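Notes for the one structure printed next.
Order of writing sets the chain letters: A, B and C. Residues in each chain are counted from 1.
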Amino acid sequence: MKRFAPYLLILPGGLWLAIFLVVPMVFMASVSTQEGDVVNGFVQTFNLSIYGDVLSQYGTQFLRSAGYGLVATVVSIVLAYPMAYWIAFRGGSRKSTYLLLVLLPFFVSFVLRTVSWKFLLADNGLLLSPLKSLGLVPDDFHVLQTTVAVIGGLVYNYLPFMILPIYVALERVDPRVVEAAQDLYAARRQAFTKVVLPLSLPGVFAGVLMTFVPMTADYVNAEILGGPANTMIGNIIQSRFLVNNDYPSAAALSFALMAAMLIGIFAYARALGTENVLEAAAR
Amino acid sequence: MHQDSSLDAALLRGMTRPRSVTRRDAFRLAGLSAAGLALTACGVQGKKAAPPQKDAVADYWASKKKNGTLRFANWTLYIDKEDGRSPSLEKFTADTGIKVTYTEAIQDTPSFFGKIQPLLASGTDIGYDVMVITNGIHLSKAIALGYLVPLDHSKLPNFAANAAEKVKNPTWDPNNTYTVPWTAGLTGIAYNPKYVDEVTSVNDLWNPKYKGKVGMMLDPQEVANFGMFAEGIDPDKSTEADWRKAAARLQKQRDDGLVRKYYENDYVDALARGDIWITMAWSGDIFQQVAEGKDIKFVIPQEGGTIWTDNLCIPKTAQNPLDALTYMDYVYQPKIATMLVEAINYITPVPSTKDLVLADAAKASGDDKKSLEQLANSPMIYPAEADMARLRSFRALTIAEEKVFESVFQPITQG
Amino acid sequence: MTETQADVEAVAPAASGPPPVPAIELDGVVKEYLAHGEVVQAVKGVTLTIAEGEFFSLLGPSGCGKTTTMRMIAGFEDPSRGTVRLHGQDVTDVPPNKRDVNMVFQSYALFPHMNVWENVAFGLRRKKVPDAEIKRRVGEMLEIVDLGGREKRRPREMSGGQQQRVALARALVNRPRALLLDEPLGALDLKLRQAMQIELKRIQREVGITFVYVTHDQSEALTMSDRIAVMNDGLVEQLASPREIYERPATAFVAGFIGTSNLISGTVDRVEDGCAVLRLGDDGRVLTEEGAHRAGDTIAVTVRPEKVMISTDEPAAGLSAVRGTVAEVVYLGLYNSYAVRLPGGTEVTVFQQNALDSTSTAERGDAVWLSWRPQHSYVIGS
C-alpha cells in the first residue's frame, strides 16, 4: 500500500487532466479530420489536407497573432521588469500591498476591463477629447480599432502574469550576492547585468511562457479593441466554431495553433534555456 | 473567461436601460466552450428531416392534451415586466388556467443552441415547451434536423386573423410550418446628424466623406444584404455571382479605409461615443437611444433594408405541446400583443396594436403618454407601408450554399 | 581607552623611521538608523587601528555592532559620523566596488549561476585584468585553497567547506589590502570548523594580508587572532591580545563573555605592601595587587576558575582565602568543576585538573576552603 501512496497523490489531478484535457483533445483531434456539416452530420474521413487548407487560408491571421503576441510580450517585459524590480528591492514592508495593486485588475472581469478601455480610448473620450481640443492630435486621430489598441489591450490584460514570476525570481536573489558583486569591484550596473539579471532570467522565461501563449491565442482584445485589419487567429477559430459550425476546420485551426506554439516554445527553451542564458551571462 | 460575456457591453447597457436590450448577441463568447464542445464531443450525427406530411401533423396533435403547465424559454429582458411579474403571463394563466414557468434562458443563439442540441438529438427533454429562436442559420438547422414540432394551424385562429401579412409565410419557414413570430426587427442605417447629412441611400455607407467613421456588421448575412442592396440585388433571389459582386463592393469599402470596424452589438456604443458617425443598425437599439434623448436617426435606405424575426417554436421534446400552442395563439390577441409591444419596443407581428397603443396614450399622462405616443408613431416599431415594401429577409441557405456564402463574405469582415 | 592606545603602540613594530601606515583606521565611527520612527545606534563610536598584516578579530554577541562595523569598513554601510581610513586614505564616502578590501560573507554569497572558476575570476574580470593573468591567478588561488580540478562545479554541487574555500579564493585572488571575514565558519560543523581555523591561519601567513575577522565564537577568536576587539552594545569593551583578554579582562562583560570567570565584590579592609585586602564573611579574605585602593573602597575582582585551589585545610597566608560549601560537583573528564557557595550567597566556579587521581577532593555539601594568588585577582572597572 505504501508503495502506491505517491501515485494516489497524483490521482485526483491526473484524473482531472485526463477527463477535461486529454479526452476533449482526442475528440477534437478526431473532429479535425472529419468532413461534413452540422445538418447532415460529420463523418470521419481522416482528411488531413484540412490542415494545409486552413493554414494557407488563414496564414495571415496566424502570422499576425504571433507578431502581436511577440510585440506584446516584449512590451510586457519592458514594463514588468522595472516594476517587479522595484517591488522586490524597494518595496520594503509594503511589498504585499504593491503586489495586491498589481493583481487588482484581476478582481474585475476580463471583458469588463477591456470594454472599459473602449470608453477610455473613444474618439471623443476621456483621453483623446482633451488632446484634440488642445490641437495636439488631429481631429480624425483614433486609437480604437488600431493595432496599437489591440497590443495595448493584450499587454494590459496579461501584464500581471509577467510581473509575478519576475518578482518571484528577483525576490529570491540573495541581497548578499549583490553585495558580493559590488565588493568584487562591480559597479551598480555591472552588479545588475552580471548577477541580478541572470539570476532573474528564469522568472522572465516563465513570464514569457505565461503571457506569450495566451496573448497569441487571445481573441477578446482583437474583438473589442481591434478593427477590420486586426483579426487574430483566435477570432477565426471562435467564428468557425460558433457562427459557421464548421467544427473540423475550427478544430484543425486550434490544433495547428497549439502545435505551432509548442514548437515555438520548445525552440525558445532550447535556444534560450535558462542554463545557457546563465552560462552566457557569466562571461 | 467565457462566462464573462454576460458582462459585455450589451449587458452594461441593459443595466442602464429598461428593456430588451441584449437582443442580438454581442460577442459570442459564451458559446465557445458550451456549444463547441457539446456538439463536437457528441459528434453531430444529424439527419435531415423530410417536410412533415399533413397526416403526421394531425397524428402528432391528435393525442396531445392540455396539461395546465407551460415552460417558456426566452431572451433576457424580452417580455413585459412589472416588479418582477409579467402581467401578460398572469393574464394568460387567469384566462387559460395554464401555469407558466418563464425562464430567461437565452443570451445568444449559438450557445443556447449548443446547450439544447445534444438533448434534442437524443430525444431528451430540454426543459422547455416553447422557445424563441431568431431566423437564421441555427433556426434553419433546427428545422432541417427535425428538432421542431410542426404547428397545427387549426389551433392558431388569432395568428391567422391578426398577424401582419409581411410576417406570414417567411422564406425560412414556408407557411409558418414550425414557427410564428414573437417580434421582428429591422436592419437599416443609423447616423449622427451632427456629422452626417441626411441619409437616404445605402451608398452613404460608401461615402468617402465618412472615411474611418463607418460601421458595418460582422454577421455575414447582415453585411451581405447591404452589399447586395448597394448592387441593386434582392437577397432572396440572389445567386453566387450576385454574392461575389456584392462582396467586391464590400471589399472595396474596406480597402478604401471607410470601415472603422465590423461590429456586433457594440456598434451602439461606438455610435453613441462618436467613434463612428454612420452605421448599419438594428431598429430596437436605435429606438431606445432616441427614447433616451440621443440625437440619432434611423432610416431604411431606399435600396432596401433587412427584416429579421424572433420566432416562437416548440421543441420536439416538449412535454406540454398543446399548452405551448395555446400560448402561441394567445399572444396574437391584439390586447395581449399591445401589452407586449409597449414593453419590448421591437416590431410587433400584430399591426392592429398601433391603435390600441394610441388609445393607451390618450388615457395616460406625462412621460408615459409621451413615450407611448413616440412608440406608436415610430417607424422603427410600426414601419410605413413604403418602408415595409423595401424590406428583405435573409436568404434561406442550404448547407452547401451556406459554405459558399460564408467563404465569399467572411474574408471581408475577418481579414 | 588609555589601555587601547598603549596596546597599539606595543604591537606596532616601530623599530626605526616613521611608523608604517596602518591598514585600517576607524575614527569615532557611529552608525545610526531609524527603526519604527526611533533613532537606534548600532555602533556608538568605535575608534581602532588595525596594522598591516594583522589577524584582527571583532568579537561579541549578536547585535553588538561587530558586523555593522565590518560593513562600514567594506563600504556597505555609510557611517553616520566618523571616518574610515584604508592605508591612510579617507574612504568614508567611497563605494564598496572602489575599496581595495574584499569580503568573505556569512554563508558565502557565491554566485549560484556561475561555476567555481567564474566565481573566482569575477573580481579580476571587473578590474579588467588581462585574460592570461586571470587564468594564471585563478589557477594558483584554487591550488592554494585546494580546489584544483573542481573549476567547472557549480556552488550548489559542493559541500559547505568547499563553498567556504571558493568564497575565500574569490576574495583573495584580487590580492586586496585587507580581507574581511564575516562569521565565515559559522555554517560548518565543529570538526570542519577547527580544520578551517588552522587552514585560514595558514593562508593568512602565506598571503600576508590583513584579516579582519568577525565572530561571536570566543575560542575561535582566541585561537586565530593577533588582537581582538571585544564589542558590546555598539562599543569596544576591550582591545588587546588574546592572552591579555583572557587573563586580564578589562570589564565585567569581557570577563563574563570570554571563558568562565568568577566575580567577587567587597569592601577594602586594609592595604598591606601594595596589596588590597577585601574582607569576606567572618574569616574570608581576597587579596589583589592591582590598582591603588584605600580602605573603605568597594571594588569587584574576577578570578578564573582554574586559578582557584580547593582544599579542606586552611590555606597559607599571602593567598586569597574564602570558606564555602560545595553546591555541585561535575565530572568533566579532563577536570572536575565545583560550584562553591560563599557565605554571602555568591557562587564561585572552580576547575580542578584530574592530574593526580580522578576522585574528587570534596563532595556536595562539604565545607571547603578556596584560595588563589593575589596576582590572579583582577579588579574590574565599572
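Basically, contacts are C-beta pairs under 8 Å (C-beta built on N, C-alpha and C of every residue); 3 or more make two chains touch, one makes a residue touch a chain.
Values in this document were obtained by computation on a predicted structure and should not be read as measured data.
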Chain contact graph, described as a line, ring, star, complete graph or other shape = line
Chain whose Cα centroid lies nearest the overall Cα centroid = A
Looking at Cα centroids only, farthest away from chain A lies chain C
Taking each chain's centre as the mean position of its Cα atoms, how many Å separate chain A from chain C?
-> 57
Distance-wise, how many Å sit between the C-alpha centres of chain B and chain C, to the nearest whole number?
-> 90
Chain A to chain B: how many Å between their CA centres?
-> 37
For chain B, which residues are shared contacts with two or more other chains?
-> none
Touching chain A in the complex, chain B uses residues 1, 4-5, 7-9, 12, 27-29, 31-32, 35-37, 39-41, 43-48, 110-111, 137, 141, 144-145, 212, 219-220, 254, 259-262, 266, 269-270, 273-275, 399, 402-403, 406, 410, 413-415
Over in the complex, which chain A residues touch chain C? Could you list them?
-> 174, 176-177, 179-187, 190-191, 194-195, 198-199, 278, 281-283
Parts of chain C lying in touch with chain A, wherever the complex brings them together | 74-76, 95-98, 102-103, 105-107, 109-115, 118, 122-123, 126-127, 170-171, 174
Name, in rising order, each residue of chain A that touches chain B in their complex.
-> 24, 27-28, 31, 37-42, 60-61, 109-112, 115, 118-119, 122-125, 140, 142, 144-145, 220, 223-224, 226-229, 231, 235-236, 238-239, 241-247, 250-251
